[in-house]
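Pasting the structures in now, so scroll down.
Paired with chain B in one complex and with chain C in the other, chain A is shared by the two complexes that follow.
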Partner chain A sequence: MRLTKFEHLEPKSLVEACAILAEHGDKARIIAGGTDILVRMKQRLVEPQFVVDIKRIDGIAEIKSDGAELRIGALVALSDVQKSAAVREQAPALAEAAAAVGATQLQNMGTIGGNICLETRCWYYNQTYTWRQGREACLKAGGSICYMAKASKRCYALYSGDTAPALLALGARVRLVSASGERTIGLEELFVDDGKKPTILNPGELIAEVIVPVAANGQRSTYLKFRRREAIDFPIVGVAAALGEENGVCSKAAIAVTGVGSAPFVAKDSENALLGKKVSQETIAEAAEAAFKQAKPVSDMEVSPAYRKRLVRVLVKDALTKVAGLA
Partner chain B sequence: MKRIIELNVNGVVHEVVVEPQRTLLEVLRETLGYTGTKKACDSGDCGACTVIIDGRAVLSCLTLAVEAQGKNIETIEGMATGDRLHPIQQAFLDKGAIQCGYCTPGLVLSAKALLDENPKPSREEVKKAIGGNLCRCTGYVKILDAIEAAGEQAN
Partner chain C sequence: MPQYSVLGQRLPRVDGPVKATGKANYADDLVLPGMLYAKLKRSPHAHAKILSIDTSEAERLPGVRGIVVGADFGKFRYGLRPDTRDEYPMALDKARFVGEEVAAVAAIDEDIAQEAVELIKVEYEVLPAVTDPEAALREGAPQIHADKPGNISIHMHTEFGDVDAAFKDADYVREDRFYSQSVLHGFMEPNSLVASWEPPNRITVWASKQSPYFLYRNLANCFDVPLSNVRVVQPYIGGGYGGKNGSYALDFAAVMLSKKTGRPVKLTLTQEEVLTAQRRRHPMIVWLKTGVKKDGTLLACECRIIADGGAGTAIGPTTIANAFYFMNLPYVVPNVRFDGKRVYTNRPVSVAQRGNGIQQIRYAADVQIDMIAEDLGIDPVEIRRRNSAYTGYTTPNGMKVTSCGLQESIDEALKAVDWEKEFRSWPEKAEEPTGRIAKGVGIACNSFCSGVRLRGHNCCSAVIKVHEDGTVSLMTGSTDSGQGSETVLAMIVAEVLGTRIEDVVVPQTDSTVTPVDPGSFGSRVSSTAGNAVRIAAEDARRQLVAVAAELLEAKPEDIELRDRKVFVKGAPDKSMRFRDLARLTVAHGAGTTVIGSGSWGQEIDPVDFEKGIGNLAGSYTFGTQAAWVEVDTETGKVNVTRMVVAHDCGFALNPLAVEGQHEGSIGGGVGHTIYEHCVEDDGQTLSSNFTSYAMPTVGDMPEMISYSIETLDPVGAFGAKESGEGTQVSTIPAIVNAIHNAIGVWMTDLPITPEKVLKALDEQKAKDRVLSEVR
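After this line comes the complex of A and B, so read on.
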């Protein structure tokens, strides 16, 4: 599969990158590790005239810790995220999630910014150009039908990034920059449950860094992922859980799920099932049931919606059991 | 727009004229003749195109050649010294870890990246390092054995 022609631009600073992105609008696309966008470009799902390589930008490829927060530059490779002692100690769910992305080569190439911005995926969409000519274009490809849910007016392509649920459970924020300024928002606000456009990033806006609060004393976290092959595969379902206990009761619970909808979701009802209570097999089962109820998967050919929904319950239970030390 | 770039492959600097849409895999194989690097899926799934860039195993099918400028690229052609195979290559032969051989260059480079950093990996670490390299002929046991043997030998 050959890539079609484009111009390759290499800004050296965020300011320059933002100016280029503002100038070229929809004709430009950011490339970081390239492991998601180049596949889509080969499949001619996106054919940018300008490819803006952000890897030469200074200052967004480091992990810094000031004891209260970890600041992870958007360009930090997933293999550096998982190797970082600070991340492993202070945000273990994130280290585990980074280590679960694809396989080693993809972790060496893939960046945390690119992983968060991973495009939503679908069996009918992520196919070669020739394959897609066999049927009418789907919503995401500019047509008017969703093959996952034929009666639907919206696109149900799935979000399957691994680090986002871990970051959501850890309460991360993202610093966004564009030609018109910058803003820092909670990661939860970045995502929208719409397969066609899964983030609220404005055209020309990019993620500069991810800010993760350091785990409070006694707070633990983990990320569990179910996939077809352990060696290399997107998650069918991935669940991150963070848990804190004080005086024998749960003082902090955060659970986030990927692979179920067009955005990762925070399982609020599960959290409420635990907060203020003793963490036990019973309360964990209630929390898992609440996440099960909140999950609304549609059919995607890989597994049935009912199976995926049950996986959410199993993984939430396993993740909480693990962080609570009850296993 | 064509560009003149320098690619450092196995310590030899090549000046090449490339268009930005060409992958490192295409330039290595088609322009520079390093056909030891294999192309199979061309989309990140199989690891046949694995090369080492600045010490890390990466996929050349998902790397733009222009972005490899100024970096240290290692391919399978750089492994042997004259007629003497690299210990990892020798171990693959000794352990019968090769059948058709299509996956072998990628596997050997994934193994090299691992052993350069961690000469005594556990079996689990070896499995993780080659998880992105698919072999359709053999099982993986002999490959794992070969990599472990090469690691032991280096010590």
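After this line comes the complex of A and C, so read on.
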């Protein structure tokens, strides 16, 4: 599988990168670790004329901690995220999520920024050019049909990033930069439940860093991933949970789920089921039930929606049980 | 046990270092001067008439040197038997599955070839397709081959004994349906070859083939050249497992492109092409009805199968025959009836895969015997022991068991499992509260053919050449597709000649130089080629001994060859180095170059595809496997934690190689049972890469413990029988039985996905609820 012709650009600063991206608009694509985009380029799902390699940009490849916040540059490799003592101590869910991505080689190449921006995936979309010639183009590939939900007008490609739910549960923000300036938004605002375009990133905008508030005393977090095999696979369901307790009641609860829709989602009702209450098997079960109700998976070749929904309940329960120390 | 100096040792593979260091040349590593690169144009439709193929634009693309289409091969068709020749080298009148090869382009590089492929315009008339074998059998179903009405590729119906009477006599009869899904061989090296046509009529191909001789004959017939002009050379092979036996479109296309362009042509498939359009294992629906006496004695089995053959027959007759033959072993079944249909569908062609037709039926039978044991309250070990075949047993259809270590394999497996302590039947466990993770243990037995008797070329041959420095070349037609036969055959030579394994070189198979052989399938190589190599080595030894006797002034029967030295029995002062003997054989007197040769084949009737009468193989292996599983009752995920194999391989020529075979079989079996299946939609394969087609990773493999039972078979070389396939057969039922032992449900639909496990648990709960309400 060959790549179509493109020009490879290597900006040395964010300013330069933003200028290039602004100039070329949709004809340009960013490459960092390349683990996602290179495959899609080989499959000719994207055929950029300009590939903007951001790996030479200074200042966005390190993890800094000032005691209140962890600032993780977008270029930090997933293997460095999981190895970082600061991340392991202050944001364990993120370390666990980074360790659950693909396999070791992929974690060495893939970056945190890229993993957050992981393209949504589908059995009918993530195929080579020749494979796709066998049928009419799907919505995500520019056509007008969704093979996963044939009556649908929208694309149901699945979001399956592992680090995003961990970051959502940890209350992370992302600093976005573009030629027209920068903005910092809550990660939750980055995602939209649309398989065709799962983030609100504007053309020419990129994630510069991820800002994770350091866990308050007594707050614990974890990420659990259910997949077919011990390695390689994307999550069928992934759940991150963060939990804090004060004076015997739950003072903080955050639960985020991946693998179920076109965007990761925060299980708000689950959080409400716990906040202000004693964390027990009963309240955890209520929280899990709330997440089960909130999850609205569509059909998939691998598992039925009903099964995926059940897994959400099991994983939310397991994650909360683990962070509450009730296992 | 006989004492050997080389055989029986745990010797590392002779091809290990060159492979581990990346120095081994596989077909795709080869480069010839002026070589072109080819790519294939494939049908996007499961079933479509080809109205026209327009190659004009592709031909005009700079760098394109040649294009071939189906019509270039005339009406030539090929297949295992004259009546099953249903495959064209490339699609001729119509395409019968998604990915069928319609045209091929050779160009100066791969990218140009691919670009040209995309410029070829094929006009199709799309026809209704059928991708389900039961639907293909229904009246009015689309007809895939005009000369095969009803989409029947193979139909075998046979009976031995009086099955109806036996069912009447039975105290208990049980009937179940089992399904084994579509799985792939999963070799790491995609199919590949370099082809060179030399005018006027010589063909040389360097092809990744576990059995080069199907191709050797097919090319001779297709291109009408004598066999002596077809040279198939064997590079290193990156795994085959049945998926590199036959001849495929890429082979014919590359040769035809070379003929047309006058240049060598390389054609290497992408892994996507392999996973979506190459051969796969037969999916099979198995209905099995078994009647027993109260004590579990088997009286009769009736088996009906529908095998999904895909769009061609290929090696399919053997798959159906194997399914029947292995109704008869490893247990004694006095009355058997079999009805096996192999059905055409608009899917890629089904062929042999490690276990060829045997594990689909043995999975059913060895799970059902556990079901029967539980229904009758018999211990699952006891029912197996009671019905076990034995040395000297002849099955109702005439399969002769020359050695059988089944009881010993049960002993050994149970000891390793600590069965008495670990096993309690499900009915005993059912009422106990279990935690979320349910644990279970299960056993299964197997039998397999060791060296099948073929209808065509059956024997294996070997030629041994002794060099004047005492080193030896072994020319054999048996290919090492990764199973380790090169090492084991070299060990046999070293043993017989009293040299060391590092003194023996096994050059690559080359059909113009090395003896013709049937190929590496049907677990033939160690047992069958092993005998040929033994005979050839003994022939060389006789010649060497004659010279040694003369030189050492001793009787030939007193000469001993051991560890690179020549001794005289009873005369410790008389000896010489083996290398000196080798030199003197050519230099002493008139001189003689020592060339030993030998042939060996099973002296039994050829396999009977019609009625299944007679002896399928030279001998049969037997084995027992035990599996431990943990089932997460909330997610349904099954984790196979440990697996014990006790396998009667006759004699372990190289125990390290035997263990490697067992581990590979377990990997394949675990994948087949739990992880793998081809995901398809209307005949198009969606699982087109190794991310979506989920073979187990090392992290998913159980702890593996293996034992060899040595029964010293009278037929196989040095008493050896197969060890490469039998274990994969019983991996599936061992896991299924262990899952039942853990959670009380029978999983009869493969693969056992977590979702299916949960569904089965739900159904079980619902049933229990109803039962308790009734009470």
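Simple rule for what comes next: the second predicted complex is superposed on the first by the 327 of 327 C-alpha atoms of A that agree within 3 Å, B and C clash if a C-alpha of one lies under 4 Å from a C-alpha of the other, contacts with A are read in each partner's own complex, and residues count from 1 in each chain.
The rule we apply is simple: contacts are C-beta pairs under 8 Å (C-beta built on N, C-alpha and C of every residue); 3 or more make two chains touch, one makes a residue touch a chain.
What you see is a predicted model; the values in this text were computed from it and never measured.
*Asks:* Classify the contacts of A:Thr4 with the two partner chains as first (chain B alone), second (chain C alone), both, or neither.
*Replies:* first
*Asks:* Return first, second, both or neither, reflecting whether A:Asp193 touches chain B, chain C, both chains, or no partner chain.
*Replies:* neither
*Asks:* Tell me which partner A:Glu286 touches in the superposition: chain B (first), chain C (second), both or neither.
*Replies:* Neither partner.
*Asks:* With both complexes overlaid on chain A, does A:Tyr147 touch chain B (first), chain C (second), both or neither?
*Replies:* A:Tyr147 sits against chain C, while chain B stays out of touch.
*Asks:* Should A:Met301 be classified as contacting the first partner (chain B), the second (chain C), both, or neither?
*Replies:* second
*Asks:* Is A:Gln127 contacted by the first partner chain B, the second partner chain C, both or neither?
*Replies:* second
*Asks:* Just to be sure I read the superposition right, which of the two partners does A:Lys55 touch: chain B = first, chain C = second, or both, or neither?
*Replies:* First partner only.
*Asks:* With both complexes overlaid on chain A, does A:Arg310 touch chain B (first), chain C (second), both or neither?
*Replies:* second
*Asks:* Touch test for A:Arg228: chain B only (first), chain C only (second), both, or neither?
*Replies:* The answer is second: A:Arg228 touches chain C but not chain B.
*Asks:* Does any part of chain A touch chain B in one structure and chain C in the other, and if so which residues?
*Replies:* The overlap between the chain B and chain C interfaces on chain A comprises residues 1-2, 230-232.
*Asks:* So in the complex, the part of chain B that touches chain A is made up of which residues?
*Replies:* Checking each residue of chain B against chain A gives 1, 3, 19-23, 26, 42-45, 47, 50, 56-59, 62-64, 66-67, 110, 127-133.
*Asks:* Under the definition above, what is the set of chain C residues touching chain A in their complex?
*Replies:* It comes out as residues 42, 44-45, 98, 110-111, 114, 118, 270, 272, 276, 634-635, 637, 675, 679, 681, 684, 686, 688, 690-692, 694, 696-697, 699-700, 753-755, 758.
*Asks:* Under the touch definition given earlier, write down the residues of chain A that touch chain B in their complex.
*Replies:* Within the complex, chain A contacts chain B at residues 1-8, 31, 34-35, 38-39, 42-43, 51, 53, 55, 79, 102-106, 108-109, 230-232.
*Asks:* Considering the complex alone, what residue numbers of chain A touch chain C?
*Replies:* My answer: residues 1-2, 123-124, 127-128, 130-131, 133-135, 147, 226, 228-234, 301-304, 307, 310-311, 314.
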